[in-house]
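The same chain A turns up in both complexes below, where it pairs with chain B and then with chain C.
Entry: the complex of A and B
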């Protein structure tokens, strides 16, 4: 790397050399070291990413323009026909609707609950580690196991929930027939698994908040709720954004739970709970139409990117960053002290 | 696991001399002490009945051969793995395939070894061999089991409803076409608060497997499912009777298993391998029986094959093992172990051996559980009654899925039959 770039820099360095005194070989090597070594150190990641991340993405783009035969590993170039086909397919739009519905039903309550749980765990508790490990426990359970247990609970005829409802004299809910109940059931599985995980990440961020902020606020008479909204939330903002983005990506890629929701894994007789990734999987591994599946993958990629950007924008807008938060607290503290002074 | 075993096999092959395996006298019948050591991997799914004891038997006969068995949990997993690696390489020496995805495999027969051999001619039922022979006359798979269908029924529910309970009487009661089956069902439903059959999906499978060319034109490969009057007639007949006599349980769902255990329905179409499913779902029941009858004649549901990928390192040795595994004697042992009903003529003709195999195996054996000493005879009769070998083309899987969904939509009450049929038509038009 340095041999190719050295001549390019030679000109400017030569000019520097003429103005200053001549650099020794050792000094020049030192300069290169400062200039190029950092790139060398981070290179392994980008090389690995290029091979395992970027290449598949680009190769998928290539395949999405073909009528692809997986077994023979050959394809026929057909341009954007696959995209056009997918965009006019009724199932694609149903899958999109379901994905967003399940995503909203899972991510929103999940993040609210996770923040609340994290705040609780941040408080002075006995046996802290026990409670903290406890919230992570559902995450350790394999998604397939979660799906098996929950789909037993959400059985239409002999499921636990409907049996209890029946005993209470309430009509059974058709978990596998009606759209919203099926989304609700799947969202429940997702929430069960991921709430604790997100709570722990948020807890870590909360632990890093300087305690004197709380003390100052407490002295100024701010109550718990006020402290939570005016200190905790603004202080964990970067982590919050991280959690929201990962939850978005995860939510839009939801696969295991809806696939395990019934015996066939195809999203229901009327595609009630078919999600985009299931649609992608069924196209690829069910119909063996990999060109089309690649087109779906790219559409999903674009959807996720746009939603993430939108999310990022909204979060930045509504959750104040720490600088403003600190200013706010200081302002309030100043106000308080001014009042006290009078 | 599979990858590890393959690597192991490759290493072993590399350690051996450069002699071709095909030169070795690895005949299944006689031990070959001087042959080069080979490791063969056998990839199956669910339960083929290839027990450790059976594989050990082969290793004892052929001391140079080590057999490693990989079992995938479901045939879907196996299907995904099969097509992912068929072109790229990395499959086991012997790979099992299921009859439902055989049409897809038949498009890629050039990747599979030709297994035709004078020794195995006439070993299987004609239609079993015909389905695995490509247009060039190459036999690319050896048949393992078939799924001849009979009617399983719950004798306790029959008695409550005032119907006969003896298998022979039930068989004569149900003798006839699907009309008879549904009429008796209506009588049953009038006299009982239970349902006649489990659900439309499984029953439909039995009906459509009697149609010669249901979804595709065998000549052109064109999809004709939506215009085929036979398909529409079956759909109409089934959706007309389901509100009254179906338990509305979608096959393989949790509710379906629960319904089996609690006796929610009186009859079910059952291929041989279904016996194990019923036994597993309702282990505490003792009232299930098998009637030697099937509406509309005979029918086959499922069954598998063994293929040998041509890219393997030990094609000849693998072929010998596949040959041995699908020989009538071994198939009877698999029947005893897993209830996989043989597709081999010699095995099918030997009723005593079939009955014996059904009575062997783990307690309670099929014979004990289903209260019959003659299950072998029953299923042998059912196999002989199969007269139609339905044509299944490239799009069979997708069209059948769409149809199953259409039936489910009617059964769960979310659509009326006309709406559901129209949606099926538009879904099928989108295929291809």
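Entry: the complex of A and C
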């Protein structure tokens, strides 16, 4: 603004210089602001994560190699003995089996149901928001509350389900005694809570599908069911895989529902519905063996990581397939409309 | 709004079958609440009655007040704890995530790429991995039994940072920030006036989401709190331990403990729905 006039004498030059140093000071403050503010803004996350995330991960590894003394609150180094103990414990393998069984019984029907519900919500409905809110409702209810309600409905002697089955002439099913029925009951709780949530995520993906794909297919004479399987499903595959991955990670950590399935929280008389996280909790806060609980935590983490990597591998495969499938559909659609339909 | 879409070409509205099937889904979603009310309004003997009545009994208020006033359950303490824990974590998660998201989305600084990757990577770490050392740390600090021990690890989440970064990088024009800077706004003022303001829809969603998640959280409160000062899910588990044969009391308790979230859902469910749909498109 001011330096455009050429300096006539020493005095004015000095004034300019003075103003410049003033400016540089202010500029420097501005520069600091630009340079360091971002770090200040992201610091809270990293500080909290450092204290409650990173430190515990490393410390869990350290504790898992120890025989932890609760009274002194310190440990004694014993190497991989805790891991060996856990891997030889029959209950750990039962818990692993139960976890995978409950996970499969919940995720498969849940995703099928969520996809169909999403397809129905994708239609041009009246009162869209009402239906969407309706299917999401179970999601806000605490898993503990869901578990108490369903545990009652699945009661062995006087439960609603067995009463209805009895009216139909079917013998009562021992939901709290037999292995597969108990897994089924717990999976039902998971499905109740998560199906609507997943349906909304899949619905969002469906809404992004270009509508002319459907029009072209319709002109070709494809009916609703055919359009659903040939267009909708291939187009939402990436989102589907995202949903599968999150369902897997959540499913492997399941705790609240099986823990609350009876009043004792131990997973049943023969550990019929004991899961890995329950096993971890019972080891840590039932037996108060922190070294062993830490070893279980690491084993669970390794299981989750390997399943996620497997998922990731499959994702790459399927996403590649997906891209070619979409191209194929688009090509066919173009061909179809060029021919003017059959 | 979007009025362009339809599934079946030509016919505007879907067939009545679609509505009928959705109605069945809706009934399935609501039935457990009705069932809780049915059992919760009866007395203990009515559940052993083989002739199931579909009409609620008249004991709901009596059952609810017995649960609320039971000394072992600590209902009011649990309610106030849940409200405090969920409100504080929702507020701090929104503020700190927006702050970090603003930096990641709109400010240029050395290492921002790898740091953002680090944030996302932390989302894969399961809570179970941290519970043992975190519990040891809390007991050394003397925080066990204190709701501060529930709040501290939840002050900010990786998901929140990721969510706000995504949102701000799309919805806040960089030119606007540059203009504010030219006008002499400091970074903090720019964040306060531009970042927070334009983040409002995503912030509302994040707040709701965090509130619901914290409210429903069970494992960590179970580990670190004691029965004298529980959160609601913990109080529900005590309810079962106290009354596990008397389901009319247990389910009356479940229902009254669920009412606060049902109210929140009635008022803010629309926002939650649209937020989940928005997030999914990017996810």
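Just so we're on the same page, the second predicted complex is superposed on the first by the 261 of 342 C-alpha atoms of A that agree within 3 Å, B and C clash if a C-alpha of one lies under 4 Å from a C-alpha of the other, contacts with A are read in each partner's own complex, and residues count from 1 in each chain.
Methods note: contacts are C-beta pairs under 8 Å (C-beta built on N, C-alpha and C of every residue); 3 or more make two chains touch, one makes a residue touch a chain.
Everything numeric in this text was worked out from a predicted model, so none of it was measured.
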Chain A as common anchor, with chain B and chain C clashing or fitting: clash
Contacts of A:263 with chain B and chain C, given as first, second, both or neither: both
Comparing the two partners chain B and chain C, which touches a greater set of residues in chain A: C
Touching partner for A:310 - first (chain B), second (chain C), both, neither: neither
Partner chain in contact with A:112 - chain B first, chain C second, else both or neither: neither
First (chain B), second (chain C), both or neither touched by A:176: first
Which of chain B and chain C A:286 touches, first, second, both or neither: first
First, second, both or neither for A:200, with chain B first and chain C second: second
Partner chain in contact with A:158 - chain B first, chain C second, else both or neither: both
Touching partner for A:89 - first (chain B), second (chain C), both, neither: first
Shared chain A contacts, counted only where both chain B and chain C touch the same residue: 73, 152, 158, 262-263, 265, 285
Chain A contact footprint on chain C (complex, rising order): 2, 4-9, 12-14, 18-19, 21-22, 25-26, 28-30, 32, 35-36, 39, 47-48, 50, 52, 96-97, 99-100, 102-104, 107-109, 112, 115, 119, 122, 124-137, 139-140, 152-153, 155-156, 158, 161, 186-188, 191, 212, 215-216, 218-219, 222-223, 232-233, 236-237, 239-241, 244, 247, 250-251, 254, 257-258, 261-262, 264-265, 269-270, 272-273, 276-281, 283
Complex interface listing, chain B residues touching chain A: 76, 80, 83-84, 86-88, 104, 108, 111, 249-256, 258-259, 262, 397-398, 401, 404-409, 412-415, 423, 426, 430
Interfacial residue positions of chain A with respect to chain C in the complex: 33-35, 37-39, 41-42, 44-46, 48-49, 51-53, 55-57, 59-60, 63, 73, 117, 120-126, 129, 131-146, 148-150, 152-153, 158, 160, 163, 192, 196-197, 200-205, 207-208, 211, 214-215, 218, 224, 239, 242, 249, 253, 255-256, 259-260, 262-263, 265, 277, 280-281, 284-285, 290, 293-294, 297-298, 300-301, 304-305, 308
Residues of chain A touching chain B in the complex: 70-73, 89-90, 151-152, 155-159, 174, 176-178, 262-266, 268-270, 285-288
